[in-house]
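Letters are used for the chains, namely A, B, C, D and E, taken in the order the chains are written, and counting of residues starts over at 1 for each.
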Amino acid sequence: MDLSQIKQETLVVASTYKPEPRFLLAVLQDIQRKYKYLPKQSLEVVSEYLDVPLTKVYGVVTFYKAFSLTPKGENIIKVCDGTACHIKGSMNLITEIKAVLGIDPGQTTADGKFSLEIVNCIGSCALAPVMMINESYYGKLTPAKLRAVLESYREGGMVDAK
Amino acid sequence: MEIIIDGKKVEAQYGETILEAAKRNDVYIPTLCHSEALPGLATCRLCMVEIVENGVTKRVASCSYPIQSEIEVVTDNEKLRRIRKTLLKLYYTMAPNSEMIRKLMEQQDVREFNRCKVDTENKCTLCGLCVKACETMGTNAIYTVFRGAAKKVGTPFDEPSEPCIGCGACASVCPTNAIEYLEENGTRAIWGKTFKMVQCKACGKYFATEEEIAYLYQKLGDDIDIKKCETCRKKANANRFIAAIKAEGF
Amino acid sequence: MQSSKRLTILVCCGPGCIANNSMQVYEAFKKHIAGSYLNVEVAMTVECECDKESSPAIKATGCHGLCEHGPLVTILPHDITYIKVKVEDVSEIIEKTVLKGEVVERLLYTDKIQKKKLVKRDEWTFYRKQKKVALRHVGLIDPGKIDEYLERDGYKALEKALKDMTRSEVIEEVKKSGLRGRGGGGFPTGLKWSFAAQAEGTCKYVICNGDEGDPGAFMDRAVLEGDGHAVLEGMVICGYAIGVDHGFLYIRDEYGLAVENMKRAIVAARERGFLGEHILGTGFSFDVEIVRGGGAFVCGEEMSLIRSIEGNTGEPVPKPPYPADKGLWGKPTVINNVETWTNVPVIINKGADYFRSIGTENSPGTKVFALVGKVNNTGLVEVPMGTTLREIIFEIGGGIPKGRKFKAVQTGGPSGGCIPEAKLDLPVDFDSLTAEGSMMGSGGMIVVDDRTCMVEFARYYLKFLSEESCGKCVPCRQGIKTMLEILTDICEGRGQEGDIDLLVEIGQMVQEASLCALGKSAPNPVLSNIANFRVEFEEHIKNKRCPAGVCKDLTAFYIDSKICVGCAVCAKRCPVGAISGDKKQLHVIDQGKCTKCGICMDNCQFHAVRVK
Amino acid sequence: MMSSYQNKILRVNLTNGTASMEPLNTKYAKDFIGGRGLGTKMYCEEVGPNVDPLSPDNNMYLVTGPLTGTMAPSAGRYMVITRGPLTGTIACSNSGGYFGSEMKYAGYDVVVIEGKAEKPVYIWINNDKVEIRPADHIWGKEVPDTTDLLKEETDEMAKVACIGPGGENLSKIACIMNEMNRAAGRTGVGAVMGSKNLKGIVVRGTNPVHVPDGEKFMAAIQEARKALLEHPVTGTGLATYGTQILINILDQSGGLPVRNFRDSGTVEWADKTSGEFMIEHKNLVRNKGCFSCVMRCGRVTRTFKPYAGFGEGPEYEAGWGFGADCGVKDIDAICQANFRCNELGLDAISMPCTIACAMELYENGYLPNEDAGCDLRFGNASILADLVTKTAYREDIGDILAEGSYRLAEKYGHPELSMSVKKQELPAYEPRTLQGMGLNYATNNRGGCHVRGYMTAPEILGIPVKLDPAVTEGKAGVCKAFQDLTGAVDASGFCLFTTFAIGADIIANVVSAATGIEYSPDELLKAGERIWNLERLFNMACGFTSKDDTLPQRLLQEPQKNGSYKGSVNRLHEMLPEYYQLRGWDQAGVPTKDKMVELGLEDAFAQMLGAVEAASAKNN
Amino acid sequence: MAKILMVQPSKCASCRNCELACSFAHEGVFNPNKSRVHALVWERLGLGVPLMCMHCDDAPCVEVCMTGALHRDEEANGVLWDKDKCIGCKLCISACPFGNASYDSETKSVIKCDLCGGDPECVKFCPNEAIEYKEADKGMLTKKAMYAEKFKKIFEEVE
């Protein structure tokens, strides 16, 4: 995407808030939602718009887990590692995803199809271990089920694996 | 108001910190992150003391705990010593080669702690003084980035920070001398940014960064003249006396 | 529950159920009714004897609690509840139950304690021991409709406070109720309010802490999603009591639905005059603004949360001064968590005495728990303070699945600790849990069985905390990091003599010296696990063995030849094909291929898979 | 223990182009204190006798005292120790200004210069960074320009000790100049530096000088300061009039040497060249002090047409030299010639005395017109500055003037007309009036010199008590005491002038407080005596004997012409044996073994005997 | 009226006792490099000029100091430096138009005249009375102002 466009769009997003430092998180969250990550140029625009030093913007961005500075894959896999999921073997899912997609948490596949994240409790402890791909939940996962789910995304569709 | 420090009654002012009261009364409490210029960080936790307030015994960081009632303070006992010692073991793993840490370890009788990974390259204890100094300068060139175990002090994207003027206040306030600062051949380098320095118009000595000078002009207005190093400015000043004396016939 | 005679289909859309496709079920109901109802309208009306209302209401409600069996669907006024409803079940439910009032047997809940299928939800052991105060409306009302809240005495407490009570009377009432902060610390709420009321300065703030960061807790989410007005009402009452006109709702950004529902609730409350200028025609004005959290556990700590609202990193600052003196933008601020706020209207409405009649002397009222882990009835439960852990886990929770052995219950999340079987009769309240080295926390309750390694479990929390610590103070950042390193060593077979004592030494220091509550409580999981399961630690260190079969470097599985029946389930489930054996013959694990995932062990109903 | 020593020595070898550092020998420091003592000890150890002064083998030691760089009043001095080309004796020349203290701040007690550079160089000492830099572009420049250029090339705040054309051209009366106007003046040390192709030493120091106990030290120096400031000579006299005040005093006492000691006693126009007159005549701009000085005897002066100029000085001896000794009564001309000495790096005592000698040779017809190239008669003010310049550049008559009066007089067949001892020119005190001063001159280890046993103090000024100058009785003892005390003072870093007001007790007190080594006044004097004897041993090893402990014939035989002591001669023979005896030497002036053991000099004594034997063996 | 430091270079003997006294009083050692007063010596002119902080009324160093480490102290009638509040940005050093402050990176100190708490050491130890600490009567203030005015003019010419 061309830089001036990102700047333009960022400004549009930011302008929905008053130029006060306290809206830093809110603006960043909206931009994150738009691009699935925070482009560097956006941070600069936000810094200027809200009159918050870029260093601080960067500090805030790296502090909160909600923000990412690197572009995400087409499909974002969020494996829950809440306590309930953890004691029910969420780490086995991570191992399996690594085996299938070859990525570690925080990474994106070379083809840009998947990104893997480990998230804290997503409030679906009853379905532990659980993961989300984009907005869809997959609960009580076993490595076998997981493999099937991933395959379905690979083919571009999705499968009801519940 | 009157408080008790280590069994001794001392005068304290409402709202001042325990550390301030102790210092004024010559009671030593070890500190690392404390600076009167940049108070209130309370990150190093070496200044923990035990207090009894309203009948409750608790241990607090003396540098930030305000005196609001007639408390009783103990600055050294078995428990506090244990806290400091354990804490210093952790400091050792972070910055084993820092002179300050070594000094504190010696003072608190702490030996080298090698059970865990010891970062021999590091000197930073993330006390936060540098960031606060930079913030105080109004430059905001550095900030803490990331959090938890990954936290560090840095610049956006680890790139040279645009607002940095190279004043080195960060390095100056650093208690463990963790911030590298190199001046050579007319440049000053800090935080990955290399500054061109301004040469003294008279003697040619490099005396400040261009950014520092710009900062000063911004603060003081254009009336001020900063073209020479302090020695040559002093000389110029002396010259004015000399000219006056000459004018008066020696 | 049967207050309304109207035909109502309640589809639970709490987080657990949504993950089980409850939204699709809800949509299916809507589609079916819209498509077919005209045909049955008269019959329906006659048969159901509904009053003037002519069509059944379909509600997407907040969490019903028993997430394990979601999606839950309740049909009123018949009071029939179905579990695990799928989209394909919808037409049958409409045909049989909605139209004819018949029960679909196969969708009923089987109560394992009473050992029978039960039609009415209140009869389930899961619900019988519960007492809904904070969750009084959750699951019953459509949070998107303010009228449903109003129908159930909504905003009555606000009206009472504004019109019949002085500010100090409100504070007194809350003080008298003995309500303690439900966010974890258990600080008396009324006292907090009175501090802020006394604090100097005209500009003060009220904050709702909805940054539920505990891994394994989701009660605040349920309230925010399912009964947002109760939270708002509590906040407005507080605003009146301490003389504030502005409040903030800090909600985790991940809780998208909660944010949406709260937004709608705020708009609706403003429209009806419960928020905004001249509330209920009085001179009192108060408004609320939503702030979305950025995803940081430490923001559950009040000073961090305040810093976050200000647009900063969520780093705590030393206390005192407390927020009641110097909070948001340095102004006096009352900050309470979601569950605390929902209790406020009840106290004002029904009086402090009523509230005190529930729970224990020092911890009146109820507490909501997220009961999860190795327990049959996973879900949200609300019980009076003082209920024992045994009641919660073995009665409400229905015990441990797959016939495994209960090992411990972890309360308070990363800030809490594990409580072993010997202490299961402990009545749950703020003080008793703290006395056991755990804490109430925000209400996470994780049940673990003998397949959980207590060393690894402690390590898990420390890993979480090492990432979630803001990293500001040294004891917390470096202490957790160091303890994690030691625990990881122990889990991976590099444990050394003296490690346990070292963990205790560091842990105690971190508790004493950390800057904020996160650090002060961070060692709890480690210290309580050491206190209660020291043998397991020693087993790891001295014998390089993980008895629970979790720590891969210290684990080898084998199949007990005396027990194995050759059912082949293990072989089928093994993700790497490490298990072989003929049908009805002893199966064997190929140690070279085995990845120690333990799936075989979890799935063997005969408990034939053992840890060496 | 913390002390005012820096405990570090810098050794620069110009032959190899190397610089190295080594620790101070604390035993030597304790026994010889520093400065003149320590330097001599090191020289004797490292070089030994009989080295050609102008050869690369002759080392040069720049040595500070323990008080140098501290706040001890008027104690900023350093010493240059080497073998002097003018005398062939141990040479040690003392200078004030800032150079010594700056050396100390750079971290060094001693800077040793060895060898010889191939081409002109200068040494740049910037704390612990030491460079040897080329100096071709500065070679030939006069002292002020050299100083400015070197500072420009290094550091404006640096201090420069350098030679002028005098030293470059190996004049035996060349000196080393620091801060332009302060000179390590006598015995020709400038030529030694020149022989090494060393134009200058630039030093910049930013290190501290410590004392073991600040309070104790300050108490000690406060006592010294008080004594100095309250004493009429050191407190106000020197500050107001400078040393030139002595012109009138010596003239009135009848002890003023006149016209190469030919017309000594008094001269009617002496007051026109006095310090008082310089004020009246508006020559004096202001007074000046060396580093840490409270006496401020320095003169910033200007002169008027036709001798217009600006500079510093003259000191009494230089003023007398160009004045009374040359028969010149024009203060402007005297001052201007003195300025030239400073600018060119020539000893402002030996220079005019050599001119005075030349004048007498000329007036007597021994020095022919064609050699003189000018009217060399006594009293010709107009030729002074020009003769100084010619000496420095060794032009015409200057070429032989540059060798000093003895070699000049010898060349023209009348060595007895050189008013010198051990070939070094006598300063401005007439031994026929000041009997004790005569003894000091004769026995002085570096030849004709007043600053090794300033007998003028008791004999003229009444310090500490007034002695009759004409009397010889008891002078030997006083002379020895003065010589020993001076040895210790020169070693400590104190300026000799402090002894006008303070004695061994206060000096010992200050040195003890600075070094942390307790010196009683007796121990201090003992150290001085040790230094004196070591110098003596060195000289003897170089072949000097009691025969050299004498005065020019004229002073011993020719009656003084003018003044109160008209008709007197110096009665050295009445004092010398007693002097030897008091020193614990035998009748031939050779130190006895017992005395050497007492002073801890037995090793040096053995070395000397060995050298003497070797020399006599060679002669036989 | 409060006292002020008066300097008369024409009286300076260049002995630098002021530097020694100052460095000893402040640092406990003798080190002119760390003195708050400097007698700059023009060797060719044989002239020394003792210089130290002028304690300006509207001091630029105070203006640039972000922590209040440099502040005007009314009681002392001078510009004082509070070590505890200094963060070592060193901008005051560049800001001083007279070059009368310097920085010691070893001790992290701004080296600048502090009037010795009302009894300046340099004054005590100056043998020539070139530095005086006197009640500022009207005449002296005028003199100081006059000097300043004159210097300003000369300064402009020099520049």
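Heads up, the rule we're going with is that a residue touches a chain if its C-beta (ideal position, glycine included) is under 8 Å from a C-beta of that chain, and two chains touch if they have at least 3 such contacts.
These figures come from a predicted structure and were not determined experimentally.
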{"item": "Common touching chains of subunit E and subunit B", "value": "D"}
{"item": "Subunit C and subunit B - chains in contact with each", "value": "A"}
{"item": "Farthest chain (mean CA position) relative to subunit B", "value": "D"}
{"item": "Middle chain, criterion being Cα centroid separation", "value": "B"}
{"item": "Farthest chain (mean CA position) relative to subunit E", "value": "C"}
{"item": "Gap in Å, rounded to a whole number, between the CA centres of subunit C and subunit A", "value": "23"}
{"item": "Gap in Å, rounded to a whole number, between the CA centres of subunit B and subunit A", "value": "38"}
{"item": "Centre-of-Cα separation between subunit D and subunit B, whole angstrom", "value": "53"}
{"item": "For subunit A, residues that touch 2 or more chains besides their own", "value": "56, 59, 63"}
{"item": "Multi-chain contact residues (two or more partners), subunit E", "value": "10, 45, 47"}
{"item": "Where subunit B touches two or more other chains at once, by residue number", "value": "144, 146-147, 231-232, 235, 250"}
{"item": "Those chain pairs that satisfy the touch definition", "value": "A-B, A-C, B-C, B-D, B-E, D-E"}
{"item": "Touching residues (chain side subunit D, partner subunit E) in the complex", "value": "69-71, 73, 98, 101, 105, 144, 147-148, 179-181, 205-211, 214, 218, 229, 239, 285-294, 296, 298, 300, 310-312"}
{"item": "Complex interface listing, subunit B residues touching subunit A", "value": "140-147, 155-157, 161-163"}
{"item": "Contacting residues of subunit B [partner subunit E, same complex]", "value": "35-38, 133, 136-138, 167-169, 171-173, 207-208, 212-213, 215-216, 219-220, 224-226, 228-245, 248, 250"}
{"item": "Residues of subunit C that touch subunit A when the two form their complex", "value": "15-16, 18-21, 67-68, 70, 213-218, 221, 253-255, 291-297, 308-314, 370, 372-374, 378-379, 410, 413, 444, 446, 448, 451-452, 457, 460-461, 464, 470, 573, 575, 595, 597-599, 602"}
{"item": "Parts of subunit E lying in touch with subunit B, wherever the complex brings them together", "value": "7, 9-10, 38, 40, 42, 45, 47, 49, 51, 60, 63-64, 66-67, 69, 82, 84-91, 93-102, 105, 108, 147, 150-151, 154-155, 158-159"}
